[in-house]
Amino acid sequence: MTELFEILLSASFWAAVLRIASPLILATMGELICERAGVLNLGIEGIMVAGAFAGWIAAYAGLPLWPAVVVAFLTGAGFGLIHGALTVPFGLSQHVVGLGITLLATSATYFAYRVALPEVSSPPRIEPFQPLDLPGALAQTPLTYAAFAIAGLTALVLYRTPLGLSLRAVGENPAAVEAQGGNVTALRMGAVIAGSGLMAVGGAFLTLSAFNSFFFEMVNGRGWICIALVVFGAWRPGKAVLGALLFAAFDALQIRLQQTDLGAVLPYQVFLMTPYILSILALVAMSRSARVPAALMVPYRKGTR
Amino acid sequence: QDAPLQVAGIYTVPVEQQWVSRIHQAALAAQDAGQIEYTFSENVSNTDYARVMREYAEGGNDLIIGEIFAVEDEAREVAADYPETAFLMGSSFLHDPALPNLAVFDNYIQDASYLTGLIAGAMTESNNIGMVGGFPIPEVNRLMHAFMAGARETNPEVEFQVAFIGSWFDPPKAKETAFAMIENGADMLYAERFGVSDAAQERGLLAIGNVIDTQADYPETVVASAIWHFEPTLQAAIAAVNDGSFTADNYGVYSYMKEGGSSLAPLGTFEGRVPEETMALVREREAAIKAGEFEVEIDDSEPVSN
Amino acid sequence: MRLEAIARPGPARTFGPPLIALGATLGVGMALALIAGAAPLAVFGQIVTGAVGSRFALLETLNRATPLIFTGLAVAVAFRAKLWNIGAEAQLYAGALMTVVLGTGALGWPAWALLPTLALASMLAGALCLVWAAWAKLRLGVDEVVTTLLFNFVMLLFVSMLLEGPLKDPMGMGWPKSERLVAEARLPRIAEGLRLHWGFALAVISAGLVWLVQSRTTWGFEMRAVGAGLPAARFAGMPVNATILRVALLSGGLAALAGFSEVSGAKGSLTLDLSPGYGYTGIIVAMLALLHPLGVVIAALFVAGVFVGADAMSRTAGVPSYVADILLATALLTMVLALLFTRFRVRRE
Amino acid sequence: MTSPETGAQASADAEVLRLDGITKRFGEVTANEDVSLTLRAGEIVALLGENGAGKTTLMNILFGHYAADAGEVRVMGRRLPPGQPRAAIEAGVGMVHQHFTLADALTVQENVTLGTRPWWRPGGRAAARARIEDLARDYGLQVDPDAAIADLTVGQRQRVEILKALYGDARVLILDEPTAVLTPQEARALFDTLRRATARGLAVILISHKLHEVMATADRIVVLRHGRVVGERATAATDPADLARLMVGADIAEPKAMPAEPGEVLLRLDAVSTPPGATQGAALDRASLDLRAGQIKGIAGVSGNGQSALAGLLEGLIRPASGTLTLGNAAPADWSPRIAVAAGIGRIPEDRHHTGTIADFTLTENAILETYRDAPFARGPLIDWSAARAHAEDLIEANDVRCPGPDAAIRLLSGGNMQKLILARALHGAPRIILANQPVRGLDIGAVTYLQSRLLAARDAGAAILLISEDLDEILALSDVIHTIHAGRLSPPVPRERAEVEALGLAMAGGGADAA
């Protein structure tokens, strides 16, 4: 018990929480934007892989870090364009297209990596973002601050601008948007493209901030977690950020608990499992209050009803 | 022998992975030397492993190298189906005389790991060493145990924190785990995975490398590394295939230090920064190992924190 | 742009778009070969040869299609009832787990008794992995997309825990791997010397049975009705909750059969990487089949063929092996679009 | 009445809308053919026609949802670019769709202001709110701007739809079957709003199947049949019979109800309350009612006052929370849709698209939805599809359901024909009790006549019928005994002969039932 309190009271623990949460927050905002506009984007895992690679290779090729982040964003946006083009105007199954995009983005990334770097024994390293010179848990890299800023911006846009209103409406009832002269296709495509860009930036966090080079499989299921976080957050940016922080806290905690007496008794898988099980339990606990966007996963084909 | 041997490699992970990279590098070197013609498939899932073996065998390769750790039985079926092809496979099992075209190897570099342990034990000031691994499999466990044995020898006080991250490729996670160990008192890290040395570097602490030498990347961090050399294993196999004597055998011994299959990496930037009496002990043990007078225990069980 | 349904599509409509999709996939393959510095023109032949060009290749394709038929069916059955089962991966492992728990010597029965028992026990285990999520959906309104997706990770870790703990093969030299099945627990080969086990036949038979159930039985009618119009089904007096639970049992059971068939037919033991995402690929297979059980067989063969063929091509052509997954992804994205165009035409507005 | 010939200059100035030679095809179906229409400021023009005559399609073209294959639309003399709702809105066309286009989770204000500001310009909420409140006051469209749509009644949603159109500065207001779901009071309020609008110079196109409404409101009436204009009348120069003939192309005989001969009580509700929240709208509050053989009992009321709960009770979807439901002379041990069907209740649900049918299922499949487990359709666990198909063919034949055949998806049918199949399914096996919930909502006059005559025939054959409708005229035309329903409470029954429209209207608004 005292061990637990010591951990929870240490600044380094909270620093770790913010670090672990950052890529999740970025990608979760991306997914949330897509889903708020009515499109489930299961391409997230692959798009994060592509973003991690694109950002890193851009930096490796000599681009400064922020432009590398932009490259990652654009790469993700490109995959978002494919996803959107298939699911929005053509209304194809969002499950299939999403999983297809994950497969495509992942394998295309690995292919590109292998073609670009055929014979290296360990991937070259870049000079990543450095933590700011701030006390305690605040000593984070600029990308972490960017993640929180983007979450705030997402909330602001969604709830305080005409664009956000249109986005929310198109996820609730596309016909309502069209009846007011809005362009359903453009709104949904825009959301998927921008959202996918954010997912890719989330991936790039891993290579440009959390670490300094690209590895196969390094995204390691984080994208799927983000899908859960969106639901966990009841499709609201603020709650989703809280969810990401909670998840990160569990992750940081389980890493530390493995070193306690508990760690000697319990198999390490139990610790790895905890965040997932807690997510499921949390979903069950708050299922009543969550409101799914009414038109989520419902394609809108113009002129049919 | 006029034509070079046709050699195919099948790896379940990308060739960047430390373990596989040693095999891959050795094969590329042999290719450069004109001994073999080398093709490979990486990231082959275990489900597909037997199929790829068959494809290469059908394709007329003379020697197929790879790792069959979790597909031992299936791989043996394939070997039985293609008796003309030589298979040199990383395996936790011993060779089977009934299957004369399948020889096995493994990374028995516990000797070198033990030596790095001697150094680590002497260099830690907090007497607390953090070890981050991917999965607790024999290939990882035995090196960790050898390392721990070495460290305890030079520093009976030393304590170990051991953690597995459940992935071969999640450097950010490995790094987070290393950070957690540092917070918990570790000032020396055993870097089984990528990401650990980075944590040590960021906090100005020390790390011990494993399988490959990464000191060039972390000059102020990586003190010593236990290196695996696959070349002796591969060369023995090439010679055997060439003269027709390839048969079921345990090539694992070629990874032993006395065979030149493993070594302690040069201290490099840490030359002169390790206590001299420790280095004397290291040199003494190294000589004894090579002379066959000292044996490092092989312990494949899962290591735990203490 | 507006999509307009085509009342009676002719042969050009039916076969044209899919052929274009295949052509586009091939084009991508050639472009990738060019990028990787290989000869692009040979790509097509190499894929076809690799997938069906020899007895060996054909059998490999059939073998790889086997688990995909099961997971594809599992997904098709569930999606048809609008139960979004993204957890076929977990259910597959549950089936595999049950197979090794009971099949490694716990039951000393002859094959004719043991094999059906293993299959049924697996189905039960897989069903349990889905039923709780269906129940939570019905009773608590919890979104099953997320619960089933997350449960995949829990299940994988659970299997990992067992494989490194109680189920670990004492003769496995420490590797996380189960003991081998006893001989009676192994699905035999379909014919001597043919590397194709009865799992494949079981998969095809299952597809036929599922089709019969869906189209000919009252339970199947209920399953389809609940998916196509839940309020109408409830109004008409159909047992809606029972039907969804039945769907969950069937779907989970079918996915679990993939695990059973892989362990009992192909591998003989369980490791953590038994499935390279068969559960997820099953979703793709099911949607390519437009959720039709018999279409699932064809779609699974298609997906398996593209992967096996492209993978073999990567070795023949000397292109990084990731090309196989790229081509699979391209094939399926273009194919779902092509299938749309067999039924709709685009009109500009 | 505007006279068309009072000076070319003046009328040209006042002409706000002109449709010229509009033709629109969907595949092989011609929805509109060479339709022309003009509209002047301050005028209400009604568009009449059978289901599927092309009214909605024409309006969708005008509004830019569809692009016409030929012809053009001019607003204030300027040609509208085809297929662009935005352009239509900016030119001053406002449309209230047949099926509401509101986002349920958003508030009234959000729905109204949606898409009215450039994306990048946040703010302006207070101004928008003030404008909504002004409009609401001017046009009599009271509604709370902060209420979520999900919490509004149908009538209130209708007001929001109109507010949306007015908010965009409409000069032309299109209303597609706006009263199909309104109560008489709500309809009256709507027409009041329209009169205020025309007084301000708006031009209105009104689509409705209710001829008396059209006669009372419109200045001019245009009739479509099979996509063509078949007639145009000044309201003063026509009558309902004439219009019906134009629409259908033949005379329509209104069903005439004979006096009823009530028999024994087949179903009785004794102080039944339903659990709150089980349906939309109010729960039943100690409702008592009996249904007698050979009698039609009408329930008049404003939607949301407990009709759904009452219907759900008879449909088997809802169990009484307290009180008793008696069938014959015993209370059923358990209660579910299946038991209700087995007990001989024929049910016509309110929502034919979602509850009554499964859109993607064939007519055959829809025909046996309630009976697939019974002989001759079920043989053990198997379904005998040939028997089912033969049954569907019988129903189609006997009820003149216009469809491509029993294997066609029911989605392809018009509402009227869909409803005929549902009626056929409900009446099959001569149920002793019939629940008809809004049976003719949105249907054209031909379908209405057919359905009503079938219900009367069933009554005369001895069935007990519960008719729920928000259309007081329909209640008065068919019912033998009338209850009103308000806030979940049923008024005491009134025989039709003694029922007065005003008193019923008052009771429906909550002024009568409790007082009585």
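Each chain carries a letter (A, B, C and D) given by its place in the written order, and its residues are counted from 1.
Heads up, the rule we're going with is that contacts are C-beta pairs under 8 Å (C-beta built on N, C-alpha and C of every residue); 3 or more make two chains touch, one makes a residue touch a chain.
Which protein is which chain? UniProt says A = Branched-chain amino acid transport system / permease component; C = Beta-methylgalactoside transporter inner membrane component; D = RbsA_3 protein.
From a predicted model like this one, the values you see are computed outputs, not experimental measurements.
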Which chain pair shares more contacting C-beta pairs: A-C, or A-D?
A-C
Chain centres from averaged Cα atoms put subunit B and subunit D (RbsA_3 protein) apart, in whole Å, by 76
Please tell me the distance, in whole Å, between the geometric centres of subunit A and subunit C computed from their C-alpha atoms.
27
Just the number, please: Cα centre separation of subunit C and subunit D (RbsA_3 protein) in whole Å.
46
Which residue numbers or ranges of subunit A touch two or more of the other chains?
110, 269, 272, 303
Residues of subunit D (RbsA_3 protein) that touch two or more other chains: which are they?
66
Could you check subunit C for residues that touch two or more other chains and list them?
157, 160, 164, 320, 322, 349
Among the chains present, which pairs are found to touch?
A-B, A-C, A-D, B-C, C-D
Subunit C contact footprint on subunit D (RbsA_3 protein) (complex, rising order)
26-28, 66-67, 82-83, 315-317, 336-341, 347, 349, 351, 354-361, 365, 369-370, 372-373, 378, 381-383, 385
Once bound in the complex, which stretches of subunit C touch subunit A?
1-3, 32, 35-36, 84, 86, 136, 140-143, 145-147, 149-151, 153-154, 157-158, 160-161, 164-165, 280-281, 283-284, 287-288, 320, 322-326, 328-330, 332-333, 336-337, 340, 349
Where on subunit B is subunit A touching in the complex?
13-16, 18, 21, 24-25, 28, 43, 161, 163-164, 166-173, 175-177, 179-181, 183-184, 194-195, 198, 212, 214, 217, 304-305
Per the touch rule above, subunit A residues touching subunit B in the complex are 10, 12-13, 16, 19-20, 110, 119-123, 125, 206, 210-213, 215-218, 220, 251-252, 255-256, 258-259, 263-264, 268-269, 272
Contact footprint of subunit D (RbsA_3 protein) on subunit A as seen in their complex
160-163, 165-166, 168-169, 172-173, 175-183, 291, 293-294, 303, 305
